[in-house]
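Here you go, one structure.
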Amino acid sequence: MKRINVGIIGLGRAGQMHLHNLMTIPEIHIVQVADVFIEKISTELNDLGITNQTRDYHDILNNPDIDTVFVFTSTDTHEEIVTAAANAGKNIFCEKPLSMNTVEEASVNVLRAVKKNHVKLQMGFNRRMDPQFRNIFENVRQGEIGTPQVVKITSRDPDLLPHDLIQRIGGLLFDFTMHDFDMARYMMNSNIAEVYAKGGTLIDPTLKDINDIDTLALVLQFENGAYGVIDNSRRAVYGYDQRVEVFGSEGMLKAENVSESTVELYTDKSKIMKKPLPMFVQRYRNAYINEMKAFVNSILNDEPVVASGQDVIMAQRAAIAAQKSLETGLPQKVDTNFSLD
Amino acid sequence: MKRINVGIIGLGRAGQMHLHNLMTIPEIHIVQVADVFIEKISTELNDLGITNQTRDYHDILNNPDIDTVFVFTSTDTHEEIVTAAANAGKNIFCEKPLSMNTVEEASVNVLRAVKKNHVKLQMGFNRRMDPQFRNIFENVRQGEIGTPQVVKITSRDPDLLPHDLIQRIGGLLFDFTMHDFDMARYMMNSNIAEVYAKGGTLIDPTLKDINDIDTLALVLQFENGAYGVIDNSRRAVYGYDQRVEVFGSEGMLKAENVSESTVELYTDKSKIMKKPLPMFVQRYRNAYINEMKAFVNSILNDEPVVASGQDVIMAQRAAIAAQKSLETGLPQKVDTNFSLD
Amino acid sequence: MKRINVGIIGLGRAGQMHLHNLMTIPEIHIVQVADVFIEKISTELNDLGITNQTRDYHDILNNPDIDTVFVFTSTDTHEEIVTAAANAGKNIFCEKPLSMNTVEEASVNVLRAVKKNHVKLQMGFNRRMDPQFRNIFENVRQGEIGTPQVVKITSRDPDLLPHDLIQRIGGLLFDFTMHDFDMARYMMNSNIAEVYAKGGTLIDPTLKDINDIDTLALVLQFENGAYGVIDNSRRAVYGYDQRVEVFGSEGMLKAENVSESTVELYTDKSKIMKKPLPMFVQRYRNAYINEMKAFVNSILNDEPVVASGQDVIMAQRAAIAAQKSLETGLPQKVDTNFSLD
Amino acid sequence: MKRINVGIIGLGRAGQMHLHNLMTIPEIHIVQVADVFIEKISTELNDLGITNQTRDYHDILNNPDIDTVFVFTSTDTHEEIVTAAANAGKNIFCEKPLSMNTVEEASVNVLRAVKKNHVKLQMGFNRRMDPQFRNIFENVRQGEIGTPQVVKITSRDPDLLPHDLIQRIGGLLFDFTMHDFDMARYMMNSNIAEVYAKGGTLIDPTLKDINDIDTLALVLQFENGAYGVIDNSRRAVYGYDQRVEVFGSEGMLKAENVSESTVELYTDKSKIMKKPLPMFVQRYRNAYINEMKAFVNSILNDEPVVASGQDVIMAQRAAIAAQKSLETGLPQKVDTNFSLD
């Protein structure tokens, strides 16, 4: 069995979740981990058999035994770390987005470094590898529903985030809807060419103070002429609501929510079933593992990654256009051209 | 459009339900109706435009304008009326069973009269024409699941019947399970060759006073070697539970309960749907209409009826064997030979 | 039993469907029917026992035995007939819309006549009385999902209509989406305040010749601040796709498509179920009957109608705004004020 | 975190599956493993970091660092190994059954050794900890369906087993149906008091040569008066069919098959979904992990095990009775008394 030798940068809450997922993949050999607060979790890491620990991510970049890094640090560090990792010749898995800037120049510079150094970069658009959505994707590609005409996404978070977290990771459009933009584009195999967004604060009016919203409805038009509708909410009391539907000339594919329970309780009042899975941790557990496996496969077999830097930039452009649409009340064009040259 | 000219005998609660269903079938022309208490419902019948009313069913048998009679009287009258109707040359639709006797000689005599007079007799095994079960039947016949190996029927009534009604129409086995015996035989296209029954009174112990039970589990073996399992209850608090499943060498077909609602309510506790339809009136509404339409079609196109007198006798034999199995604690063979000669 | 004495005006295809539905409602006594081509269906009507037939609808308006008229004529006659019927003091059921004009003055004049004569007018927004959608409506009103925040409607026709029919009954927005505008407003209990529409011809490019489209995506904002998304298509190969979902602060309600089959076929390849009902005739059969029953109830108990003239005008305004949005590429405000004074 | 120090005995196919599951449980520290063919998998074990390997299971029993052993060897060794492990003072997890004998004396002797040494013994009735079935169990215990009256189990394997494997692990009743007997007893919280079995070879007639069958239907009666129906098949072409239903005085609980896909494909022909999971490995993955976690919890918190030696003996008695019922054609009583004294 061929393996890749891995360094992990960033072991906060998300990083630890990913670490446990990575440990279930036999092809991954974790050589070294880095976190600025590494001492806090040092014992726990030792218990897991991960003894090569450092506070400084440069140690990982300088480690010749490491060929691949996973970057799970906060968004504001992505630009710096990914660029340095590329220049150090490492393959890179990085959570989206590539930069905090709402203009894409910073991201493009990162991609230039990646390209120049001939390393692989995969972005954390985990939903692409969710078994439900991946199955839809594959069926669409195989022509099961003919020509796709409309993609419909409902994406609702189980609850509001703290304001300070929102300010660090981005508001609804850049943290949450960005995944839907990528999903829409992925399903339709076409760039988003125009966005109209309408939204506001139906749940928490104080979100206005930090220039964010909690409820959103969007209409998309794709480069190939097809349409998309997306609706978002920050608080679905019944759990994490994640549904995708693709309608085409020869049929329709849709993925309902996942509950992991098939138990039905029949009473004199009604038929009762379990509600959907509560959070992204459970809902996308397989998606997270699958995206890592796909990245391993891309490296070992020199195949294209499942979600590229360009994919992030295209989703980011849609989010920027949606932001402007919210501000102006008008639909916004999205540039569909992309070149690193 | 060809029509059949109909007389209806028996307009109690069931008869009135059937009357309304018959009025929705264009090919049926209701010429005359009879009921021993006809004066009670005379006005209502007039309102429906049915003015030719009589207390004496012989008037219908003697009416030369009538070619077909529907018999909805109480079970103890079937033997007499069906025999007389056959001798009067009328086609006959009759609710099951043909006679109250638990030995079949009376029923056979009725069938001899039917045969001698070359009239059609269809029995009220309505479930054969239920859209769900008929669809399973057709799929099985078309070979969709290969060779049928096991039929599984769950049949539960919504509530206990009054003891005096049970004494008039028969206990669980002869009133209720009889439908399941017929369904099992219909689905498997093979006679029931052996029955084992185990049951008792888990709901109403006083049923023992009238020699009846409320809960029943059965294992069947068919003439062709296949198996069946049936479970019955008199009280499912969640409604009328009617499910059929056929398992075969190439697949499986099952019909879940019908609720007529696709609405799902998601709350912070669960996902809630409507329970199944509450009673046979709603659940088998289409089945009742369809069995009438099938009978009309049999007459107009001279085709075999959907449920014959022989079908009733075969189901009755299974019920008799099950009764004996309950009494003896032993499985019982069922005679699969039948001939009117 | 109290009854209403009914005249029916217009017995084309839709009218005949409604006639058969009306005949199943005991409180309705059909006194007379009118159609300009009455001789074509005279025999059939006689067979149904409807012998008082006329070519001239004025005969019905002048008939003192008739208190209520059902208008099933083509849209271009609604304005004249409904006004005349109101002036004749008849209660009126009329298919939507009230007038062909895309400005509402003609419709308002009709409503003034209705108001002046103190008669009831119910419009044919049948979906309001569909058992699925009505159940959602009632659950929303009872507060089961808290405050409604987003309504989501998917409405897809099974196939393209002939161009000449479209020209008579209106294009996608005025014939089809109009129902969705009404449904959205009905569910949210709030007027539509703004519409953004994006659409085109992904199925039949020649629709452009008659200024129509076949695919449409919409975002709505309601007067109360809530949002709506609608997507439409003229051709869903899998049947008539009619789904409604209401999301609120305390939960979510959704109605999936209706198939009337609960049969599941399991093979070595997959689990196969029946597709949704194919056409409005089957899908909304109960809705049509229920809206008639609701109208009967409104008259007999002097209660408000289920769908009023004002409801049609509000839906029409949304359609006009959507049309303008398509033409301009910009969202459009919708006037939410309405008064007949 | 408290941990248990574990030795694993037997690393054949099943043992390796369990090993991987055990490695995901943080409270389990694998100290040593034993297999008679350990050299075959030595490298693979080293790769997993499991370097303390032996061919002789006595090394594990003699290892003072080990407090708990997991026995995954073939059935014919269970009696010897479990007895020795109990005498060595180790807690024991063992796959069912405890002995090959169809009389229970050997098993009882094992349990006496367990009792005398005050160690814990948990048997591998994994289905008790399947999330679906455990949820039913808990709902039943909480009284959600009132008094349980009927348990209904459908259990179908995806395909025939090789004859030689059957001869080593036992035929349908002792290898497969035994799980259903345990599930039935677990759900009803009552011992099986009587069994009637009817079965044969509808799939592979050559099974008769090794005195086995492939299709089976059973009726059970429980000590508390309730009833059970079970149907089994060795070959369901659509996957691993595992369903349980409990019907009670106040409602019904049922678990449908698990497919892990919520994707629906609608075509012009039908609605198509994924079939159930194919094999026990996927279907009961969580059940296997959960039963291990439950055992860990029993040890660390000194709580009763989820499935005891007595539970195995009771299921074994039902299987023996069913075997006799098949042979005699008669229902068989099952002894419900049990005591180790």
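For the reader, a short list of remarks on this structure follows.
When the chains are written out, they are named A, B, C and D in that same order, and each has its own residue count from 1.
Just so it is clear, a residue touches a chain if its C-beta (ideal position, glycine included) is under 8 Å from a C-beta of that chain, and two chains touch if they have at least 3 such contacts.
Given the structure is predicted, the values throughout are model-derived calculations rather than measurements.
Among the other chains, the CA centroid farthest from that of chain A is the one of B. A comparison of the C-D and A-D interfaces places the larger number of contacting C-beta pairs at A-D.
Centroids built from CA atoms put chain D at 40 Å from chain A. Here the CA centre of chain B is 42 Å from the CA centre of chain D.
Inter-chain spacing, taken between the CA centroids of chain C and chain D, is 58 Å.
Shown for chain B are the residues that touch two or more other chains, namely 236-238, 250-252, 266-268, 274.
On the chain B side of its complex with chain A, the touching residues are 236-239, 259, 266-276. Residues 147, 149-150, 152, 154, 156, 194, 196, 198-200, 202-203, 215-221, 225-231, 233, 235-238, 241, 245, 247, 249-252, 329-331 of chain B are the ones that touch chain D when the two sit in their complex.
Partner chain A is touched in their complex by these residues of chain D: 24, 47, 49, 131-132, 135-136, 139, 144-145, 250-258, 260-268, 274.
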